[in-house]
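Okay, so chain A shows up in both of these, paired with chain B first and chain C after.
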Partner chain A sequence: MPEKDFVACQAAIEPQKGPRRLVDAAIAGTAVAALCVAFAVGLAIRQLPYFVVYLAAAIAIALLLRRGPMAGIAERVGAAFGSSRPTAVGVLVLALAAYPILFQGNPYLIQVGALSAIYVIMASGLNITLGYAGLLDIGFAVYFGAGAYTSAQLAVNFGVSFWIGIVLGGLCASIFGFIVAWPALRVHDHYLGLVTLGYGLMMNLLARNLRFLTNGTDGVINIPPPSIGAHDFTRPLILGPLTLPFQANFYYLALAIALITCFVSYRLRESSLGRAWEAIREDEIAARCSGVNARGMKILAFSTGAFFGGVGGSIFAHMIGYIGPDSFTFLESITVLVMVVLGGAGNIVGAALGAVLLVIIPERFREFQELRLLLFGVALVLLMIGRPQGILPRRRARRLLPQEKLAALSLGEAGPGRNARASSDGTLGA
Partner chain B sequence: MLSENWAQQIVNVATIGGMYTLVAVGFTIFFGVLGLINFAHGEVFMLGAFAALVVARTLDFTSTAGGVAMIAAMFVFATLFCGVVGAAIERVAFKPVRRAPMLVMLITSLGVSFILREAVREFFPDGANPLAFPSPFQSAEIRLRGVVISDTQILLIAASVLIVIGLYYLVERTWIGRSMRAIAEDRDAARMMGVDVDRVILAAFFIGSALGGVAGVMNGLYYLSIRFDMGWVMAIKGFTAAVIGGLGNIYGAAAGGYLLALLEVLIVALVPEGSEYKDVLVFLVLILMLVFRPSGIFRQAPQKVG
Partner chain C sequence: MPRNLLWTERLTIDFGGIRAVDGLDLEVRRDEVLAIIGPNGSGKTTLFNLIAHLYTPTSGKIHFGNPPVDLAKYAAHEINALGVARTFQTIRLFPNLTVVENVLIGMNARLKGGLISAVLRPPRTRRQETEAEEEALEILSLFGHRLISMYNEPAFTLSYANRRRLEIARALASRPKLLLLDEPAAGMNPNETREVMEDIRRIHEGGRSIAVIEHDMNLVEGIAHRVVAMDHGVKIAEGSYREVRADPEVIKAYLGSGANASGMPASGART
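After this line comes the complex of A and B, so read on.
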């Protein structure tokens, strides 16, 4: 509905003709394709010094597109995206599907791609909790762990198929989300973050100590890989004339689920649920006054986000073949959190981009294994100072009614700054 | 359980609780003046221990008098070093995001925490391994009806009590304490009343971090081994102590530190396999406090800084 409103109101502002639509579609498609090629080039660069140069160039171009003389181009492309999203998404999906074929000589990169897709699933999950409903969750790794352990133990001990296990893993994770949502209803902001942080640490410790459930610190080993019919996921994937390394199985599996996740997450945002979550995020009291069931909505936000976390964990466990307490530490929670914040909380593409960047860039700096966390810390501080709203902040003007949209256009875009100010006084309690 | 054992446990509680308290006070001060949960505080605590180790390795102590001078030098250097580091962190990392949403500050402090921890691991000689912390004491023991108190413990208990008393004077009787309380109450109003907010926040970070550094030295002296990742556990415990006392409440933090230590010692003593579940309990206390008693155990904060 709102999407149609938006298109309608945009049409009212600047009447579109057929050719313009085609041009828009062409621009959006080309832009996505160009971005994908640039990304692939980045992946193909093997020497680290060149990669650093590449990274610097990418950041410089991004900055130029924002403020520099190229800002006009960026605006035009942005407008094109707005009107021809299906084309952009189509090109992107094609490019993603072609990825293992392009890098078939390099199974490691396909594995990294699969890992990225798993993190996209999890970041989308947290994006629902944090980005939509504004509920800070620093214990997201719990759901990852819950999903992973559930499907792993079911598969190892009872021979349950992965396809059932992944659903049960997601459901089990959402129970864990439900458990923390209940006390979390009573607290806000900092306190909510700390409750979930404590929850994450506690669950990790329990996973270490409750040996009968989790095998303690040894973890669950020899988790069988998924299979479709007779096709085992540890065997090379044969697509007609192509023979792709076995990692491609996991890549396509994770990619498919990631795309479904993004789609569900998009539909949720546009649904009445999404609007209720947004209302709670912006002003809980006003939302309650308008008849939003804040309690239920918050519980739902936690459980839904957790479900995707569990699904991600389940795929991860079956891909790696092992799950232990060290796979879902505090660092894991922080990583997913940073993915969402780095990409732009509330923005699906942003969260996905954040996830991909945060998997791939550290992988590229593997030679600096020792310094990785140090660089991560430096990057975090610099990013938070320089661009606290994330790479792609959520757009807010989109959901205004047509006449308000017109007013907003004359006043300039209502950016995320409003939100930043709204919660800047975040002093609480005591 | 013998009653002597209990007396012994109380001595241990006083020792560990003192450390928790000093760390908790830092958390509470930062929260008071900036509304910030400073995850980097645990790393400042760790830096305190490493600063003292540097002092111990540089200087030489053999005689008893040398031992006393050594301890004094350790504490003074670690205090100043951590204070300066804390103030620098505030200026470089927190000041630019002071007005940003709290999630931004939270992540910034996590970033700082990664930087400090990894820098020590990477650049301190043999920093990735546990390092022996030299004890200037001859480990003399005082036996009192079966209760053993080492000279280290006496020092630690005395020091933490003295520091808490000193803090009371600082907060209640000095301009800096008054300004800190004013900022905690209402930053903008304080600014309008002529409080130099930037300077006071800087001072608050100096003080809080210096106390963390002191706790770090104490930790080294008590356990005689330090590690680059010792800060994280202490951060959680100090933070829990601060929450028990009510975030922003300095005296609450002091009480919370000792209470948390008591709780830990009790569970280890009473519950079978208690030491394994000790930290689970700490997190549980943290969650329960945050959910049911977010203003701390005191019904009304008697003298609050936040």
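After this line comes the complex of A and C, so read on.
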């Protein structure tokens, strides 16, 4: 393979300046806003036939943008995203914040939004274990359950505030992640999947039978909702002139924590820890020989991922007011797993998108009843054949070459200078 | 200061009924380039895997450094931190990580910081990351533009020779005292092999001891201060390239007992 032109290669990762940057920001912002509007329209359509038309149109546009005549536009937008991520994220956050205001007449949709945010938290957690470190965890519901039971029982029996309960719930879930990490260190790939699967089934059975801890199959009922000062989360949310249904409280709570989770997840990925996790995923032997403490990093990946699972479970318990063994079954583990794989393992936005889609799509297709799971399965199979890396796979950030160092190394002269030297020195062994 | 950087003491490992390394006493001296040769299956790579503690010896010891420590008591990543880095016979890069990220992984043992500093990213962590990137660039510059021009490309996009170079760069990133190279010229053409030879010389001049497993006798002759020949897990000869090449045991190992000295192992070795 010919080596790239050095100068061109450098220019490609030069940061954009001036007007070009503004244009990029505008493009990225508009694109995000357009996607949000399209998404909101999809939610607002009530009649099923129209929705099917909408869905078909969305898929058609997506395909056109990938391969068809509009591919150039997609590329331009993609480049704009690359250089103005903060703008894109800003617009997205604004749109998410506006969501309950837009749908204030439909508390159900706000509730679905809150549920989506909870699953975004959990999918981000599993994304650390599975997407970064490549550890197949099919028992993720365990952490959800651990977090939910911990904060629920603390609140019901000891009157512990939700805000403390959520942290303790996350920490308790971490311990459950830590526990499974030990046997999991000895196995890899699908064997690891089986270990975690067994762990999930086992913990669910324990939750059914350890009555003194979990109330058995009755579960924990009457879990008090969170409150801030005098404001109870079961009362409508009053924001100046606006009065939003009480579900908006939970929506904003879950959204805020989901955003924090995504931020933490992003920072972890871009740190030396994230790099070490990815190295283990790519080649564990090479990682160990390069100084990566694979054991420690795997335990850390399980515990960190589990923490967010626990946080999600904790919010869920206080939102629904009930937690029982049926809330964290094997199916729940599989759902979170599919969210991450479908969205794009390793990519934070991908995992979040997977979570939102997997909450909303089944809700939208309630009319189909039993048929919806079948259709959903078919869609999943097709997607995995056509795009096995997920809807939005990980794109690696381009690092800027350390310019001063580069100049100091005096490699600036054009052409591969090494080649010339090697051949002029060709007396050796010839 | 002892003359030896690393030495093994009756090092032995069994795989089931096979004794892959058999009571081996081998030393790598400070500031030398040691070549380890031998037919396939003679235990060379197994020796590297023992040093890196991917395998645990059945018996025997591996001493390293000053004051010496027994490497068999440390985990693979700790051995890297102690100052032994290696490459692999079959290239083992992190294919989806970029070239610079591959090198940064090599510094992992030195980089400080846990969850909190990863999330809050205090100035200390940012400075550390910048310095690491600068050092990575410096290491990559050892190979001219070849790797720097692919700085942000995933490792799987590299050519075969560049992958071998990147593996060496990653090993150097841990600032090893001892560099173990497992067939660095395997699969390379004569020009590329010459370049590998130059690279190894330059790395050695940078103050590192090197042990290299190699089949290409031109390369061995060109770089090795000492040569150790192995067969069936034991050391059969040791000395300068010329001494080892003339050793009857070595000739027997490569060609069987009926061969004479003129038929030495190498691909195009000069006599």
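Rule of thumb we're sticking to: the second predicted complex is superposed on the first by the 378 of 430 C-alpha atoms of A that agree within 3 Å, B and C clash if a C-alpha of one lies under 4 Å from a C-alpha of the other, contacts with A are read in each partner's own complex, and residues count from 1 in each chain.
Following the convention adopted for this analysis, contacts are C-beta pairs under 8 Å (C-beta built on N, C-alpha and C of every residue); 3 or more make two chains touch, one makes a residue touch a chain.
Everything quoted here is computed from the prediction, not taken from an experiment.
Looking at the shared chain after the overlay, A:Arg21 reaches neither chain B nor chain C.
Judged by the touch definition given at the top, the superposed model places A:Val292 against chain C, while chain B stays out of reach. By the touch criterion defined above, A:Arg76 reaches neither chain B nor chain C. Of the two partner chains, chain B is the only one touched by A:Val378; chain C is not. Taken together, the two structures place residues 419, 423, 426, 428-430 of chain A in contact with chain B in one case and with chain C in the other. Taken together, the chain C residues at the contact with chain A in this complex read 52, 54, 75-77, 80-81, 85-86, 88, 92-98, 100-101, 104-111, 113-115, 117-121, 125, 129-130, 132-134, 137-138, 141, 143-146, 148-152, 154, 157-159, 170-171, 173-174, 190-191, 193-195, 197-198, 218-219, 221-222. Against chain B, the residues of chain A that register as touching in their complex are 136, 183-184, 186-187, 189-191, 193-195, 198-199, 201-202, 205-206, 209, 334, 337-338, 341, 345, 370-371, 373-374, 376-381, 384-385, 388, 419-420, 423-424, 426-430.
Listing the residues of chain A that touch chain C in their complex gives 1, 3-6, 9, 13, 263-264, 267-268, 271-276, 278-279, 282-283, 285-295, 300, 304, 396, 398-399, 401-402, 405-406, 409, 411, 415-419, 422-423, 425-426, 428-430.
On the chain B side of its complex with chain A, the touching residues are 31-32, 35, 37, 92-93, 96-97, 99-108, 110-115, 117-119, 121-122, 236, 239, 243, 246-249, 276-277, 279-280, 283-284, 286-287, 290-292, 294-296, 301, 304, 306.
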